[in-house]
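Two complexes are shown next, each including chain A; its partner changes from chain B in the first to chain C in the second.
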Partner chain A sequence: MRSLSKKKGDMYYAVMLTIPALVLALLFIFIPIVDSVIKSFQEYKVRNIIAGLPGEWNDFENYKNIFISGSLPTAIANTFTFVVIVILCQFILGMALALVLNSNVRFARFFRSIMMTPWVVPTVISALIWMWLFQPQYGLVKYFVQLFSGGEVTDFAMLNNPDTALMGVSIAALWKQIPLMTLLLLAGLQNVPQDILEAATIDGAGSLRKFFSITLPYLSPVVKVSISMSIIENFKQFPLFWTMTGGGPDGATTNLAILSYREAFVSMNMGSGAAVTTIWMALMIITIGVYNKLFRTQDMS
Partner chain B sequence: MKKLLVFAAITLMVMANVFAGGSGETSEATADSPVTLKVANYALLESGYEDFWAGVKEGFEAKYPQYKIEWVTAPYGEILNQVINMAGGGDRVDVIFGEESWVPQLYSSGLAAPVTSIVDEAFVSDFDPAVMDVFTIDGDIYGIPLYVSPFILYYNTELFEQAGLDPANPPKTYDEMLAAAEKLSQLTDANGNKVYAFGQTTASVVVSGNALISMIYNFGGNVFTEDGQLDVDNEGFRQAFEMLQLLDEKGYNPQNAKLKDLRNLFALGQLAMYYDQSWGFNGVSSINPDAASFTASAAPLAGGNGTGEAVLCSHCFIVVDNGEARNAATNAFVQYVISEEVLNDYMTNITPAYPAKNSMADMEAVVNSGVLKGASESISNVRKVPYVSAMSDISLDLCTLAQAVTVSDTPVDEAIDAFVRSASVKL
Partner chain C sequence: MNIKTGRILSLILRYMILAVIILFLLFPIYWMLATSFKTNMEAYQYPPTFYPDEPSVSAYISLFTQNNQFFVYYVNNFIVSGITAIVCTLAAVITGYAIARFNIRWTVIVASLLVFTQMFPIVSRMISLYGLMSDIGLINTRTGLVLAISAAQIPFCATLMSSFFRNVPKEIEEAAYVDGAGRNRILFSVITPLVKPGMLAVGIYAFLQTWDDYLHAATLIQSDNLRTLSIGISLRYLGELSYDWSLINAISVIGTVPMVLVFFFFQKYMIKGLVAGAVKG
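Presenting the complex of A and B:
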């Protein structure tokens, strides 16, 4: 038997190791995505699933209907508004917390452990907690608003007002997600070379200059990954919205996830749900692509 | 080759055994080899109902040792998807415990079977024909109710007295309600909290949409034509949403509230009147065990040219055809549960409601129910919601319309236009 060269052997070995992952990705990611895109062009309802009937091409009817109903533009606007608000606040607050915890403050380790609590709470539970806090008749937030406004504001109901409901869900999302962002940034901060920071200090650089010229560039790979993760997480946010507001009031918190769920599992119209999902996926790919293009990481070595 | 043939033969034998146990069972059930009846039931996950359903299982299996019950559970909002996903995988439940508003979805999915094809016709014929009409699609009945209730008006007799109103004479029209609400809204509870005068659910959940349809019917309005097309260009439809807007402007109605929020406020004495299904009282009494002492009911209010007609709600069984043996078990189960013997305690202590079966009309739970007495006439003033397969989604659109005219202050005509745009593509 002819033996393989070392290079070829390594290559075959690498291919063999990659095959299970490729097969799994093909079966559970690529094929369902393609299937969903195909169904988005078909009349495909629950009856098709139960009776095992194939879908029928319906002349872009699913796409036409979600545009005609007027629900899609609002859902897209709500999705992007939510993503931008949450990511901006999350990054600023997460960075502030990470800098504090990285500055040898007393009990830093204790705070780091406590701080992670919201992250481990299941999302639906977080939503229920915040619903109670925002409850319009006996919620804690209403009580504090009444207290601090000297009794001027007695009917503060964040989730009932279309102007503030999205903010209410964003606060719940921030409460849950800031710990992870802080932890990732803290890990990045601990890898910023101290000798360079010390050299800059000797050269007379101030704290702000050191932060923007040394810390932030060194942090950029971590920032890029953590913000990418956050974009995806919030782009597909469903449980917080569904539990806290169900997409209301007056559609103010209907994002693409809620719209897709309503089309597929409330209307029981899988084709229409797939159409929303296809648009949603395309928007997410474009967003992440633009983000990656804009925030190319610098090679600090 | 020999090994291959042996392997193929064994595989065939194994597969034959596996598929022989499929859904189309026809062999006779015995106590030694009982037929398993799969019942989808969200109520098992809700506090207050587990004991009743555990008792049903125990009692049914003792009476019919040839049948066994296997519960399929999921939370209320997920049970339909659970049942449909299971059916998609070839595992069909036999009975679904649900609400009449689920019937269109299960019918259009092809899962619901005509009740009379599984349950004895003699048993079905004992039900009030007007009630069964609610479950009828294209001439066949697709659900059988355990008990029924329209959206009735619950009111707090103590708050009525405090406001100088006669608790024995609750309002009968929306105008009378507004006059009473003016006095009731001046009250505060013992802790100084505001008392809301009138509650109508408008939050984004399907049951709120049903409650809104009921309110439209109160005004004599329509939502759909008989053949399930949108029919909202009528005074009653418009007046219902104008009333919601007025209630909101005056601060009488808690904004964007779910039924459970209204039950909560009512139980705490912070809501004087509200619309609910009769069994909503269970939610009230679970928060305030003394609620029966101040709770009374009245028929739905009449508004505009309407007579106070309402939507009939029910908890019902929807049955699935799974072959002769399992259908026989379903037949026995349905008849076992919908009986005075099983439901009397339940309807007395847990779920106050009106029976749909004529022979149960005089049962103790109904005759002696102080909470239900005031609204008992309303059962004969109900209207059927025509069959619309996208009913659940349109119910949510109605909630959005109600929210638009209340929390968003959108003019009623503009909000109705947006509703029509959204709902018409779903029909």
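Presenting the complex of A and C:
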């Protein structure tokens, strides 16, 4: 009898404990999201907010405009390019650093600790640090490019050139994100059984073979989680772009975050901004879904 | 002989990888420090000097005397980040406990809803919150800012916290129950003290994330005296055409120092927390 009432009590208690977080999520996440999806189908601008007027249905006008002007397809391409570049480089460099720190190099503990520094630097400040390095007249990177090209390239301006600007922002993103990736991979490397690695060495397996047949499969759960965290983060990246390039030059670094912010809060056309974010959310959910599916089938083979 | 050269080569390769990546990660920090101690004249020298010729604190002095609106943003950032960290930790404790301990349909749904919230971009919420919060008078207030940021942080914090609660043996709770302790007593006086390291990890995580916030403050705060660090810096110090780069680097140093201190002081807990959240969570 007591156990039955305890079970029921447990249930009420669990529901009660989750209420505060749920109410906050409902008020500040779910309701606004639904509301912004609705607004994406409406004529809704800043005067609607000031005058308190409700939005009006406008026959997909917001969606049509961002497609026809070409701004949406460009922003989608920029977003995906950025995500792919950053995650590939981040994974390769993070993995290299983690493997080195996990081997018997000297001062591994010390390096593991100080390498985390970029991760705690606020995003806007990391943008400033890299803007200064890339500065077109007095920047250090310009100086090095001039030095190593034998004085041939004297006007290297990473962020002012539409061909290299996205690369410049990606470098800043990599700089900030490699530490966390390395830390998580290092933690995962602790779970790789040493005795299996030793047995493989005795059987004559080379380092590459050991890495791909033993280390990587044992790491795969960690890899899966850390890459999906990274996809979400880079898909949403805003402050780095906004501070470093503002989406320019010539739209070369306008990703979905910049486009939606500019539509909604610079042009003050909330409906249009909401149309961008609605497509953006859909793309993000599809990407994560596809990613999870790919990874699952790989796990089984 | 062959094996020996191979071993030496692999050792050299390892140290080279280490040196290159560590240099990439740490040199920009050095460059920020070095520039902040240059005079603005020297910062604008080309080719650049690799360390300050005449080390000078003029950028810091100008920051403290003429450009001290920075410290308004700085203090605001401490207030907002501190309160948010406390709110998030408290919410994470009760929510995380419910998710970890009560395996009923409700908590399973809550857990997956919380994970789902991570998919939504901030701009998308802000488009609507901008209007909604004006309606309820929370726009341009610290309370509104803290609530909006907390709502965004709590899901990850709660998930992280639940992984700490899972590590507490269930027997402890059952023993307390047999002894006649009530549910609140069990949670707050018996179990919570055991997950203090987790609370620290969650609190610091929320603090670091809030310190880094840009978009919430950019849209929800309008008056200069309530602005937080990131948005304050970019609106006030990056607007002009000619940047004062030694001042900007001094600002960067001061804006980063608290984070570095917090992180290195609590490193043990932080790393454990991050790893628990991502690897086991």
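Note that in this section the second predicted complex is superposed on the first by the 269 of 301 C-alpha atoms of A that agree within 3 Å, B and C clash if a C-alpha of one lies under 4 Å from a C-alpha of the other, contacts with A are read in each partner's own complex, and residues count from 1 in each chain.
Here is the rule we go by: contacts are C-beta pairs under 8 Å (C-beta built on N, C-alpha and C of every residue); 3 or more make two chains touch, one makes a residue touch a chain.
Quantities reported herein were computed from a predicted structural model and do not represent experimental measurements.
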item	value
Touching partner for A:M268 - first (chain B), second (chain C), both, neither	first
Chain B versus chain C as contact partner of A:I129, first or second or both or neither	second
Partner chain(s) touched by A:I114 [first = chain B, second = chain C, both, neither]	second
Of chain B and chain C, the chain that contacts the larger number of chain A residues	C
Which of chain B and chain C A:F28 touches, first, second, both or neither	second
Which superposed partner A:G9 touches (first chain B, second chain C, both, neither)	second
Contacts of A:R47 with chain B and chain C, given as first, second, both or neither	first
First, second, both or neither for A:G168, with chain B first and chain C second	neither
First (chain B), second (chain C), both or neither touched by A:I288	second
First (chain B), second (chain C), both or neither touched by A:I68	first
Shared chain A surface residues [contacts with chain B and with chain C]	49, 137-138, 265
Chain C to chain A touching residues, read off their complex	10, 14-15, 17-18, 21-22, 24-26, 28-29, 31-32, 35, 43-48, 91, 94-95, 97-99, 101-102, 104, 106-107, 110, 113-114, 117-132, 134, 147-148, 150-152, 154-155, 158, 183, 208, 211-212, 214-215, 218-219, 229-230, 233-234, 238, 245, 248-249, 251-252, 255-256, 259-260, 262-264, 267, 271, 274-275, 278-279, 281
Of all residues in chain B, those that touch chain A in their complex	81, 84, 87-88, 105, 108-111, 193-194, 203-206, 251, 254-256, 261, 265, 270, 389-390, 392-393, 396, 399-400, 403-404, 407-408, 410, 418, 421-422, 425-426
Chain C partner contacts - residues on chain A that touch it in the complex	9-11, 13-15, 17-18, 20-22, 24-25, 27-33, 35-36, 39, 48-49, 93, 96-97, 100-101, 103, 105, 111, 113-126, 128-130, 132-133, 135, 137-140, 143, 175, 178-180, 183-184, 187-188, 207, 221-222, 225-226, 229, 232, 236, 238-239, 242-243, 256-257, 260-261, 264-265, 270, 273-274, 277-278, 280-281, 284-285, 288
Touch list for chain A against partner chain B, complex	45-47, 49-51, 65, 68-71, 136-138, 154-155, 157, 159-162, 245-251, 262-263, 265-269
